[in-house]
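Below, each structure is written out as structure tokens.
Next, two complexes with chain A in common: one pairs it with chain B, the other with chain C.
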Partner chain A sequence: MELSYEVKDSYAEIRAAGRLNMVSAPKLREFVAGVVASGSSRIVVNLGETPFMDSSGLGALIGCLKVARQAGGDLRIAVVQPQVQMVLELTSMDRVLTAYASADEAFGDD
Partner chain B sequence: MPSPELRRAVVIEDDPDIRGLLIRILKKQGFEVTGAGDGLAGIAAVRATKPDLVTLDLNLPDLDGLEVCKQLREFSEAFIIMLTARMDELDKLTGLDSGADDYINKPFSPREFQSRVNALFRRSRTPAADAQAQSDLIHAGEVQQSLLPKEKVQLEGFDVAGAFRPSRAVGGDFYDWYEMPDGLHLTFADAMGKGMGAALVAATTRAVMRSVRYVPDLDTAFKVASKSIASDLDALGSFVTLFHARVDAASGTVHYVDAGHGLALHVGAGSEVRRLKSAGPPVGAWPDSRWQEAELQLAPGDSLVIVSDGILDAFPSLEDFTAAVQQATLNQPTAGATCAALLALAPAETAEDDATAVVVRRLAGGAHP
Partner chain C sequence: MTRFWTRLIVVLTIVLGINYVAWRWAESLNWDAWWIAVPLVAAETYSLIDVVLFGMTVWRLKLREGAPPAPPGATVDVFITTYNEPLDLVMTTALAAKHIRHPHSTWILDDGARPELRRLAAQHGLGYVTRSEDWKDMPRHAKAGNLNNALMVTEGEFLLILDADQIPEPEILERTLGYFNSRDVALVQTPQYFSNVPTDDPLGSQAPLFYGPIQQGKDGWNAAFFCGSNAVLRREALMQLGLVGYVKETEKSIRRALAASQSAIRKARKSADSASPLVAQMLDEVEAATREARQQLDGGESLSEITYRVRRRVDQAVQALVQADVSALQADLEEIAAMELAHVGESGVPVVADDAVKRMSARDWSPLGAIESVQAVLDALSVERTGEAQPVMPLATISVTEDMATAMRMHGMGWRSVYHHEVLAYGLAPEDLATMLTQRLRWAQGTIQVMLRENPLVQRGLKWGQRLMYFATMWTYLSGFAAVIYFAAPIVYLLLGVLPVTSLSTDFFIRFIPFMVVNQLLFAVAGRGIPTWRGQQYSLALFPTWIKACTTAARNVWFGRPLGFAVTPKDRQTGGPSWSLIRPQIVVSVLLVVSAVVGLARLAAGLSEPIGTLVNVAWVVYDITVMSILVRAVLYKGFEPDTVPAEGLIDERKTSGT
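Take a look at the complex of A and B:
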């Protein structure tokens, strides 16, 4: 999984490219924690290039959301692919991790 | 389960002479070796044989060696040795976090290659510690198998079966059931991740769910149990998807709670099939979650089928998955045969996750098979 980030006006966009699984999940947790520690607690994770997520990957997203909220911010996900959306719906985690069509829209309401 | 001494290797190399040489050297070192002539065949071989060591040529006819390495790292923890004929590439590579464990310049001497392989395995672990870890793992697998329900359910009018195939020695999936005066309690769970950590969470979940069996009201029982499990999981950053059901044998009524599992299906004797939606997140995933109890009616000939996501992963969509589960359930002589057909939906050679299935079938004639 390749991770990169870019600080925008009101949030930091993290791009995660590759399969989000047991191998890559700890990397995402660490990466997001690093971005939050550097001062950006409003995070959008762009999952446009993440075709697959397993339970460890879901656990990483939940962990990252908790870290962002803990720091007074929030974490939202964007450009979610079908398999990832399916996992979110099966587990009812779509109620907590709402998917947005684009990174711009994720914090568009506030 | 292979013996602790058996080590496997995959050689990904397009030059048949060099491939043959590498295979010979590794066989002499006691490896069971699979050769592959290009990147895609190599990835498939690693997936199929789960090797301890991979040698990877940087210049392959189809894919870039670095890309192959990246893909392998997504699912394999094998040592990867990269081979390249170009010195300048080697310099670049060593400064790069490609995921490989070592790099060797071609041409190489068999002796140098041998000692590099030995060094890799020595660096990581001593043979004694390795054998001990392996034997612990095998024992853990046996313990986990022994925690699955052993006795055949003698429930009037029902045929109940389960099957569990872990992707490693131990897994995060489990199921459990026990008979009660008026029927059967059933638990199906999938702990986040794989391996030993997931297996420990699964065993804890089993024990906690059993501890609430005499709480008469399902809703209360689940609340008490999930609270206990969630408090354990919170510090771990882990969670467990949990389906728990109470079957009333006389009426065929099933009361159930689904916490983030979403892979239980009511397969009718006719053409109806319905996937039961989860009532909330997995236990431990999100604080202050609540789960609504639900109910379904098993008519004679109907089945309640619960599977793990290892089976779902074999299908491109939920619709395809649902149709395949229905197909695998209908026209089977027994619940046990249905379980086998369900596991076969995710062939063991390609599956990366645990695969588990439980089937509760209400018999059409009302008699026990």
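Take a look at the complex of A and C:
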């Protein structure tokens, strides 16, 4: 999985390209923790290039959400692909992690 | 009485043949010219083995009295296989099949899936089968695949298989079904006879020696071949063949997968990804499961049990892993909720249902998918034969000529076969050289494929007689290499004066001539007046085809290269005479003629001796006479219906019981 981030006006956008699975999940956790530690606690994870996510990947997203919240910020997801959307709905996590159409819209309301 | 004479001549041929060839090896080799002497004696040894195998075949010539009455309740499916043949040709055969007298169902097996043919079949009340959905993106296996597909959707106890051009007689089933009263008979083959061939048979289409003494002789050894068409097969035998093949293939692939699992796990452990404790734990689980499976396989436990247990064990591990992920996630959510309730919604922390855990553990979403090599190994541990359209493949798919391989496997399982020597279907032979060459190449390639993949000499279950009967046919297809040497030897002598034997003295003639005479006599007596000359001509003249078949089949079997396989077209290819098809033969013929002229000139100049020159010029004349058939073949313009078709086999059916 290829991870990169870019600090925007009011948030940091993290791009996660590749399959978010048992192998890549720990890397995502580490990466997000690093971004939060560097001062950006408002995180948008852009999943536009993430075609697949398993239970470990989902666990990592929630773990990252916790880290962001603990730092007083939030974590939101954008450009969600069909399989990831199915996993979110199946596990009811769509009620916790709202999917936004684009990274810009994620923090559009506040 | 004929049998006595045949056997006497067989014995004489073998004795005189060994007498000649042993002398050739021991006494006559001209070592100064070893580069031609050794190949020539090797070619002669090849021919001796060929004639010994022929002698052995006709030793047990079986003339059957005809079958007992057909069992009245026997159910039969008649299969007409087609791919791209003209519709009226297919329908002519199909309608003739419909009028076969014994009760049966007629099916058109259309690998071309032509809507027009489907309509015609429905209009005439005929069954129509195309490949099922299962074949999508799977190996199609040509005609064998077509038949295997149809076997799954039909149910007759017996199957009559007809090529699209083989028009059956109404009595074909009545005359053959009775043989199946013996419970161990799996196959009854009848001759393939072509109605569009003139008396002189310029393309050598009829095979009276094969559909005659050779098949009758093989029948005597319980090794009559299945030839793809005009044969009745017992479904039970085919299905047994498919099941045995399925179990064998499955065990092989499971062993392979278990062996591969070890290295896959080792590799996964080495890669950086296994730093995660979850991954390491999964690998441990999979390793334990496959180790146990290997022990059970060696202990002889059933394949389905073993694979089921591996899968269940791995599935449970995966589910535990997903459950652990979910529990951790749930704990994180509780913490988040404790911090800031509003964000998780009014109804509290969402709970992941058990159904969701199961779904997340399924094959396609499983976290194990992250370790691709391990997942691939586990996928291979299946009893579903995922690389094929259907797990059970009754007709062998190891060769482009599925018939020979299938018959050999049937014989290996103890089934018997029958050759019924009576023409009961009339087919269409190719009417031009190009098509004929394609067809011969295909047959030869298929035969060589079987020889290389399942050599009859080492097949368990076959009796030695049967092994040699299969081997004999394969051996004849190696003749191309011998032919080249037989052409080269006289050229070398006449041009260069190099003789491969030490001398052409009385020693040579008293050994060679009796062998040659008795050899020709054997074909005459065993053939009982059948014209065999055309066959002899083509077995020598088509040497480029035979060589090409051997090299392409070897490349295919050993290196997985494609054969360049084409379906034999049943309608005539148009265009003028195509001399380019026989370019190698033209070159060889010109060389032969030139060397004869040069040889005679050398004789006139006193550079060579008369006997050697005479023998080699005679040899050249023989070679040219043999190859002259190709000129007629190239110029052949197709069958004119008003000429009289060849009579040989038709006459013979009247006398077959004698």
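The rule we apply is simple: the second predicted complex is superposed on the first by the 110 of 110 C-alpha atoms of A that agree within 3 Å, B and C clash if a C-alpha of one lies under 4 Å from a C-alpha of the other, contacts with A are read in each partner's own complex, and residues count from 1 in each chain.
Here is the rule we use: contacts are C-beta pairs under 8 Å (C-beta built on N, C-alpha and C of every residue); 3 or more make two chains touch, one makes a residue touch a chain.
Predicted, not measured: the structure shown is a model, and the values here were computed from it.
Enquirer: Using the superposition on chain A, tell me whether chain B and chain C clash or fit.
Expert: Overlaying the two structures gives a clash between chain B and chain C.
Enquirer: After lining up the shared chain so the two structures overlap, which partner does A:Gly18 touch, if you call chain B first and chain C second: first, second, both or neither?
Expert: After superposing on A, A:Gly18 lies in contact with chain B but is clear of chain C.
Enquirer: With the two complexes superposed on chain A, say which partner A:Arg95 touches: chain B (first), chain C (second), both, or neither.
Expert: Both chain B and chain C are touched by A:Arg95.
Enquirer: Pick one for A:Pro82: touches chain B only (first), chain C only (second), both, or neither.
Expert: In the superposed model, A:Pro82 contacts chain B only, not chain C.
Enquirer: I'd like to know which partner A:Met1 touches here: chain B for first, chain C for second, both or neither.
Expert: A:Met1: touches chain B, not chain C.
Enquirer: Is A:Ile62 contacted by the first partner chain B, the second partner chain C, both or neither?
Expert: both
Enquirer: So, A:Pro26: does it touch chain B (first), chain C (second), both, or neither?
Expert: A:Pro26 contacts chain C only, not chain B.
Enquirer: With both complexes superposed on chain A, which partner does A:Gly48 reach: first (chain B), second (chain C), both or neither?
Expert: Touch partners of A:Gly48: none, neither chain B nor chain C.
Enquirer: Touch test for A:Gly73: chain B only (first), chain C only (second), both, or neither?
Expert: neither
Enquirer: Can you tell me which of the listed chain C stretches (350-358, 386-394, 404-412 or 602-610) runs into chain B once everything is aligned on A?
Expert: 350-358
Enquirer: Jot down the residues of chain A that show up as touching in both complexes, chain B in one and chain C in the other.
Expert: 19, 21-24, 54-56, 58-59, 62-63, 87, 90-93, 95-96
Enquirer: Within the complex, which stretch of chain B touches chain A?
Expert: 70, 73-75, 77, 172, 190, 192-194, 237-239, 241, 260-263, 277-282, 285-286, 309, 312-313, 317-318, 353
Enquirer: In their shared complex, at which residues does chain C touch chain A?
Expert: Within the complex, chain C touches chain A at residues 273, 275-276, 278-279, 282, 321-322, 325-326, 328-329, 332-333, 335-336, 339-340, 343-345, 350-353, 355-357, 359-361, 365-371.
Enquirer: Taking the complex as given, what residues does chain A use to touch chain B?
Expert: Answer in residue numbers: 1, 18-19, 21-24, 54-56, 58-59, 62-63, 82, 86-87, 89-93, 95-96.
Enquirer: Which residues of chain A touch chain C in the complex?
Expert: So the residues of chain A touching chain C come out as 19, 21-26, 52, 54-56, 58-59, 62-63, 65-66, 69-70, 74, 83, 87, 90-93, 95-96.
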